Amino acid sequence: MGSSFGTIFKLTTFGESHGVAIGGVIDGVPANIPIDMEAVQAEMDRRKPGQSAIVTQRKESDTVQFLSGIFNGRTTGAPIGFIIPNDDQRSKDYDHIKDVYRPSHADFTYEKKYGNRDYRGGGRSSARETACRVVGGAIAKQVLEKQGIDIVAYVDQVGEVKLSGAVDYNEIENNPVRCPNAVDAKRMETLIKDVRKAGDTIGGSVICEINHVPPGLGEPVFDRLHAELGKAMLSINAVKGFEYGSGFECISMRGSEHNDLFNEDGSTKTNNSGGIQGGISNGMPINFRVAFKPVATIVQEQETLNRKDEIVKMEGKGRHDPCVVPRAVPIVEAMAAMTILDFFLRNKTVQL
Amino acid sequence: MGSSFGTIFKLTTFGESHGVAIGGVIDGVPANIPIDMEAVQAEMDRRKPGQSAIVTQRKESDTVQFLSGIFNGRTTGAPIGFIIPNDDQRSKDYDHIKDVYRPSHADFTYEKKYGNRDYRGGGRSSARETACRVVGGAIAKQVLEKQGIDIVAYVDQVGEVKLSGAVDYNEIENNPVRCPNAVDAKRMETLIKDVRKAGDTIGGSVICEINHVPPGLGEPVFDRLHAELGKAMLSINAVKGFEYGSGFECISMRGSEHNDLFNEDGSTKTNNSGGIQGGISNGMPINFRVAFKPVATIVQEQETLNRKDEIVKMEGKGRHDPCVVPRAVPIVEAMAAMTILDFFLRNKTVQL
Amino acid sequence: MGSSFGTIFKLTTFGESHGVAIGGVIDGVPANIPIDMEAVQAEMDRRKPGQSAIVTQRKESDTVQFLSGIFNGRTTGAPIGFIIPNDDQRSKDYDHIKDVYRPSHADFTYEKKYGNRDYRGGGRSSARETACRVVGGAIAKQVLEKQGIDIVAYVDQVGEVKLSGAVDYNEIENNPVRCPNAVDAKRMETLIKDVRKAGDTIGGSVICEINHVPPGLGEPVFDRLHAELGKAMLSINAVKGFEYGSGFECISMRGSEHNDLFNEDGSTKTNNSGGIQGGISNGMPINFRVAFKPVATIVQEQETLNRKDEIVKMEGKGRHDPCVVPRAVPIVEAMAAMTILDFFLRNKTVQL
Amino acid sequence: MGSSFGTIFKLTTFGESHGVAIGGVIDGVPANIPIDMEAVQAEMDRRKPGQSAIVTQRKESDTVQFLSGIFNGRTTGAPIGFIIPNDDQRSKDYDHIKDVYRPSHADFTYEKKYGNRDYRGGGRSSARETACRVVGGAIAKQVLEKQGIDIVAYVDQVGEVKLSGAVDYNEIENNPVRCPNAVDAKRMETLIKDVRKAGDTIGGSVICEINHVPPGLGEPVFDRLHAELGKAMLSINAVKGFEYGSGFECISMRGSEHNDLFNEDGSTKTNNSGGIQGGISNGMPINFRVAFKPVATIVQEQETLNRKDEIVKMEGKGRHDPCVVPRAVPIVEAMAAMTILDFFLRNKTVQL
């Protein structure tokens, strides 16, 4: 019963990596919004495998089929059902992990929780599920665009390589890393390739910025805007940390330097708040950062546990990402878009 | 409509800093649990003002009155209603901020959202509200204890002073900082006092550990255990970041070093996972870290905005915490306890 | 976890018949609504015991104390917490039922469900809990009034005595039965008195009408307007049935006579629909009818079961209502008001 | 945002009458339950058009395709996604109603609410949507069966023809009306045929009985078992009323005759309570009755309103049911099954 996200704009997803299809239902979509199907598919393509030399080369077409809720090119207000067929349902590739719990994968925990496990490609625990989030996010983005709200995410670190040059938003989609600086992007790309050659994987981080959010979004005291953004991000596969505004750096700051002083127009001179005060947007750009761990599947021999409680040797097979952050960028944006839209809708009832 | 936390074990709170009382309703408490009232009050006392020289000296008795749901010393299964009267309801102390938006406070955002503001001590945005969370957490802790689950939090950093010595859990409540090392605690205490003398405030961080959680807690894909823990922590006043297990350090790690290899008993040799895999507890200790910003109220003259869109000078009055982390420790524990108990209950229906 | 009602406008209640107090939290109240405290109390007085010769003569002052969410006479948008102290907490009156399950009361089912029972006056199962609903409803009514929506309920049947004369809305509060026809009211009053003299109780029914509801309220397909109204009414103590518009009479009607033909202004010539089509309000008056069973406590000797599985004799004590419908009228209105307001708010996000 | 039903066992549906497909997601299904696919399809067949001479002769295969959540014949605990393709997507049949609001249909209210309308066959307001409920109910039934709980519904009235003979449960599926008495079934069938010949439609009612429900299901005070059953039933197309146990007859009963006296084993001598006391099951059979209005589409000329606010003449086309109750029986059972299972799961957390 954890398959739904959102309060008013609500995405419910289903599907396993190697089942017939994955898909979902988007409820609470405002009516009469024109939907640009190509824009939806373009978001899917930003997430899909095989898009560049530094991501997994698995073959998935990732074509979304809408089944309801859109009529004559516009949302009707009825729930939008959709499916994304799984092209490759061969499960025999996974016989070698049928009785083995891969280290730092969800094999062990799923089996403990449910008493069973769909071992084919990770089943429900596979990041394939995030394709459905991108569909929901693409619809949310189109609603937000009409409100003037835009969202952009990019990679700011891969391993020890940090974004150090100037941020050029136009550069983000120009390189396979999705780093907003061409020089840094190249360094990150080189690192990812080196790591892959070594049969290893590496972590990274993504920054997300949301602009033109009106003041007032966020619901005290538990559903603070940043708390839901944090939950949204932490619900993405491989995420280990979330910070917004000054983030963890706030620990060593004084109040006198951390406080964001006002301008006369209500904007602030600095933005340590990350666009959020008391859990409510203040009209400044919202920004946050998300940490992704290195992919657990490595092409090296590792010891692991099997279902007979024996330690056995195994080696990762298949075509996995050496680093998830390039493909994580559209997922971060999608989760951010659904979160912001949900709060935008929730805020409609605060003042009559 | 953001005043409730939890799915089955659900806390709903109300109340402003200077209203008649704050309070709440705890629904979904399992029946027939003996409640130790003194233990509840002891948790309240860990959070209350005036407990040491390094916290605010405001006068609040913080005595919780239970109104329902407990009969003959045991929970009945009916909702537990409770109130905590506000001893000091004088609002005249706040006349100076009636028409001013304090920097990095929620004054501006509340007014933008609601079209009004209870300016007395921050109203609903005041951290006074967290006292209700401690009540909910104290009840949750008593249920969890019967399941053998225990939770402990402590301060690991204040400003630039990090916990560097050995962790001694018995030391935590021995010093006013709630740091588990006496030497480090002293250094932190000194820093806090220095900062206060300068009329300033400082940030800090809290680590929380949860032991003996059975494998299986957490609900994929959106309600991952760490995603809800993250939301729980980010919903606490002044929190700017959350990480679990390897946290932000995972960014620069390789998969080969990050993977937690199994022992034959299903435990792991390392715990970069922080006790959670795929959003589900794996039986290892759960650990996470929370970043708190420096308190926004400083006893220095600052420029700020008033309701006429003028920049004016103001200086913080009143008796505020120079650093929130010592008092945040029981709040972190309370939110963790409610989150874990909620997932414990949700997990009861997964296998019949 | 069944103590909350509503989606956006949400009432959460707590409290037992003979505890310290009952109370609740109302979340999702729109901000800046002026609250007329006397009007709230007037609703409470319509429900309270001792108001006339045909209701229970128990002594309860039923004074509501608001603790939060209202500042300077207006709602702030923060949750409204409130309590209603229980004047009479004497539990010794209930020693005679401590070990006995009264027939057609909730004693048996509560004990089976929770493994315990607060036997004092029915504990949580007592209709005393409905006082909190009247508070929530009184707030909701004041919000609805500003939207031009009004709600009126009245008694249309007591035992076999049906409302047969003309409906005069001004008459409703003029007689202790709350029947909108003075002659019928007298007949009903006489019946109630006769039944009481016989130590017995009797059923009745209440009609509710909601006027000036705009078209568009209700959320297909599960949260149809009449489905939530039905749930709201069926959640009131002693309710056994709910029908709207043509209700159960529709069973023997033909489509050609049941269909409501349109006028040019979108209104309909008849109103078998009861103001709702496809689960959505159509702008016509909403009407429904609710059946209340005879009170289970009778002043006659009955056989019943005790906790040792023995059949024993018992006789009802205390001062109970011989018929609940006169006091049920404000409760029906309160639940209707909260339901309509919740849908009014939910509808705010359907079209941007 | 009204497309989901249930709290733990939760069905979310999507789809319009003439879209690509309808479908849904069932979340919260306990893991490791073997699923009998033929039994699921058999339930679908009980609802499908064309099954007998007295129901609509539309051509729909109603074949459900499961996409996830079932692996090796058993539930995995992951959400079950499914679709039911719409065989007939021809929308030209509906051009005649494109600009007309049919009387007592949802055309007018959908357009008022959403600002648009998928006019093809009623779109989202079509009873075609109930096919998804039957899928959810069929899964729920299989879980309940393992708990020994069984559910049976039947037609007890069509127009003025009431079930008057003895109830023979084995007879229900033997006749096209689904009446448990062969003689009464014949009379009902004759009436339905007569009504159809006249181009008219007729109402009816369905009784549902749920046996072997353990005591303790239901969540006071708002989520009473019968309140959720009532909501479940009232959410079905064409339902106008709900009563349980003594139902509307309780109005004219005395407490002394209405009270259900106990036997020593905790069962009761009568069952006016309908198996529910205080909103909680008491272990006796649960029973309730549901009123269905006559279908609004009649094959007679009627006046109606068009989008230009003109009164125009129209006549129903297409192949509609003259009476919905025969096909409503499996839908009533499905909604009952999901409701009971949801409460069964909710009750798992009440006592540890």
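Brief remarks follow.
Labels A, B, C and D are assigned to the chains in the order they are written; within every chain, residues are numbered from 1.
Following the convention adopted for this analysis, a contact is a pair of C-beta atoms (placed from the backbone, for glycine too) under 8 Å apart; a residue touches a chain by one contact, two chains touch by 3 or more.
All values reported here derive from a predicted model rather than from experimental measurement.
Using the contact threshold fixed earlier, the set of chains in contact with both chain B and chain D is A, C. The chains touching chain B as well as chain C are A, D. Superposing chain C on chain D by their CA atoms means rotating through 180 degrees, a value rounded to the nearest 5. Our note on geometry: chain A versus chain B, Cα centroid distance of 27 Å, whole angstroms.
With each centre defined as the average position of its C-alpha atoms, the distance from chain A to chain D rounds to 39 Å.
Averaging Cα coordinates per chain places chain A and chain C 46 Å apart. In chain D, the residues that reach two or more other chains under the touch definition are 1-4, 8, 13, 28, 31-32, 77-78, 113-115, 124, 220, 346, 349-351. Partner chain A is touched in their complex by these residues of chain B: 1-5, 7, 13, 101, 103-106, 108-110, 112-115, 124-125, 129, 157-160, 195, 200-205, 215-224, 226-228, 230-232, 234-235, 237, 240-248, 250-256, 258-266, 268, 272-274, 276-283, 291-298, 300, 302-305, 309-311, 346-347, 349-351.
Considering their complex, residues 1-4, 8-10, 12-16, 19-25, 27-28, 31-32, 65-69, 71, 74, 76-81, 83, 113-118, 123-124 of chain A touch chain D. Taken together, the chain C residues at the contact with chain A in this complex read 8, 28, 30-33, 77-78, 143, 146-147, 220, 345-346, 348-352.
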